[in-house]
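Below you'll find a set of structures to go through.
The following pair of complexes shares a single chain, chain A, combined with chain B in the former and chain C in the latter.
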Partner chain A sequence: MSRRLDTLTELLGPAVIVILVGALATTASASNEVYFLNALVFVAIVVAIYVFVGISGVLSFGQISFVAVGAFAAGVMTVPVDSKKGVLTSVFPLLRDHSVGNVPSLLLAAGLGGVFAFVVGLPLMRLSGLAAGIATFAVLEITHNVLREWTKIGPGATTLALVPETTGALQATLGALVAIVVAFLYQRSRRGRLLRASREDPAVARSVGVNIHLERLLAFTLSGALAGFAGALYVHLLGSITTEQVYLELTFLTLAMLVVGGLTSLWGAVIGALGVSGLDSFLSRAEQSHVHVVLTFTLWQGTRLVFLAAIMALVLILRPSGLTGGRELRLRWSLRRGRG
Partner chain B sequence: MGDPAPASGIEGRPEDILRASAVSRSFEGVQALQDVTLELHSREVVGLVGPNGAGKSTLVNVLTGFDLPTSGTVELRGREITGWSAHRRARSGLTRTFQHSRSLRALSVRENVEVAALGVGVGAREARRRAQELLGRLGLTELADVRAGSLAQGDERRLGVARALVTEPAFVLMDEPAAGLPEAEVPEFAEVVRSVRDDHRAGVLLIDHNMALVMGVCDRIHVLDQGRTLAAGTPEEIRGDLNVAAAYLGETAVATDA
Partner chain C sequence: MSTIASVDLQTLGDAFGQGAIYALMAVGIGLVFGVLRLVNFAYGQLIMAGAYTLAYTSGWPVAASIVSCFAVVVTLSLAMDRLVFRPLRGSSPAVMLVTTFAVSFFLQALALIIDLRDGTLGQIASSVAPLNQAVSVGGVDVRKVTFVAVGVAVGALVALALVLARTTIGLHTRAAASDFRTARLLGVRANRVIAFAVVVSGLLAGAVAVLLTVQNPFVQPDFALEDTIIVLVGVVVGGIDRLWTATLGGFAIGFVSVLVNAALPTDKTVFLPSVVYALVIVVLLLRPAGLFAWGRRAAVERV
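Coming up: the complex of A and B.
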């Protein structure tokens, strides 16, 4: 009975907190709302990364590639056709002459992210540890440069503007919930359990029939699809985007969120995304203008990232498994009585 | 005694045999295994003994797909499986346990066993049923919800056996399962090994330095020294073999604290 309750808590904990943040967004002033929406989109991105990095234990610096692909695919395909002739002059005619609606653009982004991750994962998922980290970083670099230079598929180095801003409180909340539910279902599934086993000890997992390469590839693909989807949410939140916004800083920020929250649990991914993005928003405002917290102060440019990086390092030193200890949310009494 | 002896008293149908034929493995010029031939039948326990560095673990790795032989072949139930991956062998009924305590440490004892069943393709419900039953049989029911990483040595070894058995293997290769086990728990573990043979009808290849355990539970014993087969036979035959005494029994004094 308590085992069933644990299952329920594992899903409902993250879901309820996301819904709360979504509800807060609707009560916030117009200038503050964007911080809540930002946090919810970050939940989707970090959960997408968690599906691969958290469950497999293989480090990837490349998941933001799939966010970038999703963001630009959804962005380019939703700029109204009339506006495209002005701002996306050199793209392929197919892209120039067609646009799709909001929901199709989210699905398209998810599909492209998944396909791209699968293709990249085929050779890469044979690697692990340091080699995997470096090779996935190479994927980020390649993706970034292709998106920045190839003006047949997008705006190149210029800003992609005029993207419909459809990610309001409802879409941000639902989007984060979709990511959470998919991640939950996956980690509870046979495949998710096998991948987690391989994370704990690859040799033991192989000795009981786990095909580690296959399981990692599937998770990488699912993670890529979720990341693409989250990228679409992101571009529909921002309304305009450059390739720099889905590159190194976002990679660092989202990995910091995952590490701070706790790499190995969905709960950790959600808590880390909400906590760190809240802090990030506060600091970036403090960089731009006066903030009143007991004293009135303004921060120097760059303080934000210095501070966030220091926090990530501190968490790694003091609490290596993150704020949640890398565990799923459990109700206290069920913990004491044990599962089952 | 120099040649590997045939199986004692057990008629081998090919579907009941795991066989390494003339297997060699060298690592950068060092010959870890040289021309070793070994047969393991269902429902027997074969001891694999020899001093450290004799090639015992290498042989287990080659048999289970964690390493590939430089030459020679491995056959499982009449099919050649020399190049098969470890996970494919596990799904075909050949699994192993590991030297030292190795578990899926952050997972519960129950999940360790259930996930092993899932690994070989068993459905979730059936995996749960099998795990429940095996945990009971191995005396781990009380510990089902404990993290595997916090188990005591003896419990951890039995968990390793449970994880192997839940896959319903035809052959289980155990790499030093009793190492580090308190002496008082060895007889109990010997019972577990016998039960794998008698109740689960699996063939067991048992590497261990504990001669009391090996002599007590094994139907046959295969002695390796410097990568070669030094002797093979029943425990009585091996006990009387002078070569073995020289190569191995001198080692046991060293091995007891290993």
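Coming up: the complex of A and C.
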């Protein structure tokens, strides 16, 4: 009974907080709403990264490649056909002459992200440690380079504009929930547990017959599909996008969110994404206007990043296992301490 | 025919120059990794701080400007160790790496604030610019900085090799790099060895700052960021567990990028990163422990 309660909390905690943020978004003013929606899309991206990095314990800098592929696939395929002839002149005729609706574009992005991750992961999942980190980083560099320079598949170095802005409060909340539920089901499944075992002790896991390469590949593919899906949510939120927006900065920011929240738990991924984007929104509003904290003062350009980076560094130094300590949400505090 | 040959020699010269600078950065990153097991992503911001110092002291005599550059970089390097690396000792590699991301962003944002005080973005560091002039060697134009870079790299590496091989602190550093806990048990003082590594890596960052501002005197907050990323990749590809393989990796990636760039057809050079990073992936798949890590199999860690 108590175990069932724990399982329920593990899913309901992240879900309830996401629904709360979604509800707040609908009550906020139009200029503030975008901060809440942004935070929800970040939840989807960070949860996608968590599915691979958090559960397998293998560092990957490559998951934003799948976000990028998802964002551009969904973006290019939802620009209305009439406008495409003007803005996407050099793409393949197949892409130029067809468009799809909002929901099919989300599914398409998830599918493409998953297939791309599977193809990349097939050779790369043999690596671990720093070699895996650098190889996945190389994937990010190649994806960015190709998306930026190959104008037959997208807008190249120019901005992709005129994408329908369909990610409102409803789609952002549902999108984040989908990512959370998929991640939860995976981490409670047999496959997820096998992968977790391989993270805790690769040698023992292998000795009891866990095929680490296969388990990592499955998680990488699932993570790629979720990342592609999150990328589609992102492009439908922004309405226009460049390749630079789904590259290094987003990679570092989302990884930092995951580590600040707590690398090894779904709860940590959600808390990290919401906490850091909340702080970021507060600071960027502060940078634009006067803020009443103790005294009224105006922050000058660059201050937002100084504070954000300093706070992240502080959290990591004082609490290396993240805000949640890498644990799932539990309601009974005494038991948690007992297990610790 | 002769023009092709001279262009090739020129490319070769550039490749050696780039490789030498990257090798210096690789030593700086590899030394700290050796004793702390920490990949310092913020290494590029040490170089950036040095470059800004050179820019802000442009009016001073060249020697004074360079000395202040070294002083600032070494101080910053020590401060980074004391404030960030020391509390993080023993944390997981992912946490340490992400914390150095945060430090890197912090320093870049701080540089942005300082830089924007005069209303424009970017400062010019021109005190050592004359080194960018070319001299003709047997019909080939080689920039002076190429000789200086190769000379500094060779000199610094030989000096470091002698210190590591012949002095007590060098012996202690090598011991700490191969097994930190055992070295401590045998009486090696951890903080001293780490301070040594941090100071040397700071000195190297200062030297790189001087060399890079010759090539690109326009200093911005993201100065040396891209170079640092490439060198980090090169260091892991070469083999980060040993200083020499790491250094060779840094040299190799600088050398190879210049050669690949020259070999690609002009309309395809935009795809240079793809080619280089595809090579990186192939090398990592074939030799995950490092391209130059001969005779060392990546053994599965025992329980």
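Criterion: the second predicted complex is superposed on the first by the 330 of 340 C-alpha atoms of A that agree within 3 Å, B and C clash if a C-alpha of one lies under 4 Å from a C-alpha of the other, contacts with A are read in each partner's own complex, and residues count from 1 in each chain.
Keep in mind that, in the parts below, a contact is a pair of C-beta atoms (placed from the backbone, for glycine too) under 8 Å apart; a residue touches a chain by one contact, two chains touch by 3 or more.
As the structure is a prediction and not an experimental result, all values here were calculated from the model.
> In the overlaid three-chain picture, which partner chain does A:V204 touch, first (chain B) or second (chain C), both, or neither?
Once the two structures are laid over each other on A, A:V204 reaches both partners.
> Figure out whether A:I212 sits in contact with chain B (first) or chain C (second), or with both, or with neither.
In the superposition, A:I212 touches chain B alone.
> Examine A:R196 and indicate which partner it touches, taking first as chain B and second as chain C; both and neither are also allowed.
In the superposed model, A:R196 contacts chain B only, not chain C.
> Per the overlay, which chain contacts more chain A residues, chain B or chain C?
Residues of chain A touched, chain B against chain C: more for C.
> If we overlay the two complexes on their shared chain A, which of chain B and chain C does A:F137 touch? Say first, second, both or neither.
In the superposition, A:F137 touches chain C alone.
> Where does A:V43 make contact in the superposed view: on chain B (first), on chain C (second), on both, or on neither?
neither
> Examine A:N145 and indicate which partner it touches, taking first as chain B and second as chain C; both and neither are also allowed.
second
> Please identify the positions on chain A that touch both chain B and chain C, taking each partner from its own complex.
On chain A, the residues that contact chain B in one structure and chain C in the other are 201, 203-204, 206.
> Could you please specify the touching residues of chain A with respect to chain C in the complex?
The touching residues are 53, 59, 123-124, 126-127, 129-131, 133-135, 137-139, 141-142, 144-146, 149, 201-204, 206, 252, 255-256, 259, 263, 300-306, 308-310, 312-313, 316-318, 320-321.
> Using the touch rule from the top, collect the residues of chain A that touch chain B in their complex.
So the residues of chain A in touch with chain B come to 190, 193-194, 196-197, 200-201, 203-212, 264, 326, 338-340.
> In the complex of these two chains, what residues of chain B are touching chain A?
Touching chain A from chain B are residues 64-66, 85-88, 90-91, 95-98, 102-108, 110-111, 114-121, 124, 144-145, 163-164, 166-167.
> What does chain C use to touch chain A in their complex?
That would be residues 39, 84, 87-88, 91-95, 97-99, 101-106, 108-110, 112-113, 116, 232-233, 236-237, 240, 270-271, 273-274, 277-278, 280-281, 284-285, 288-289, 300-303 of chain C.
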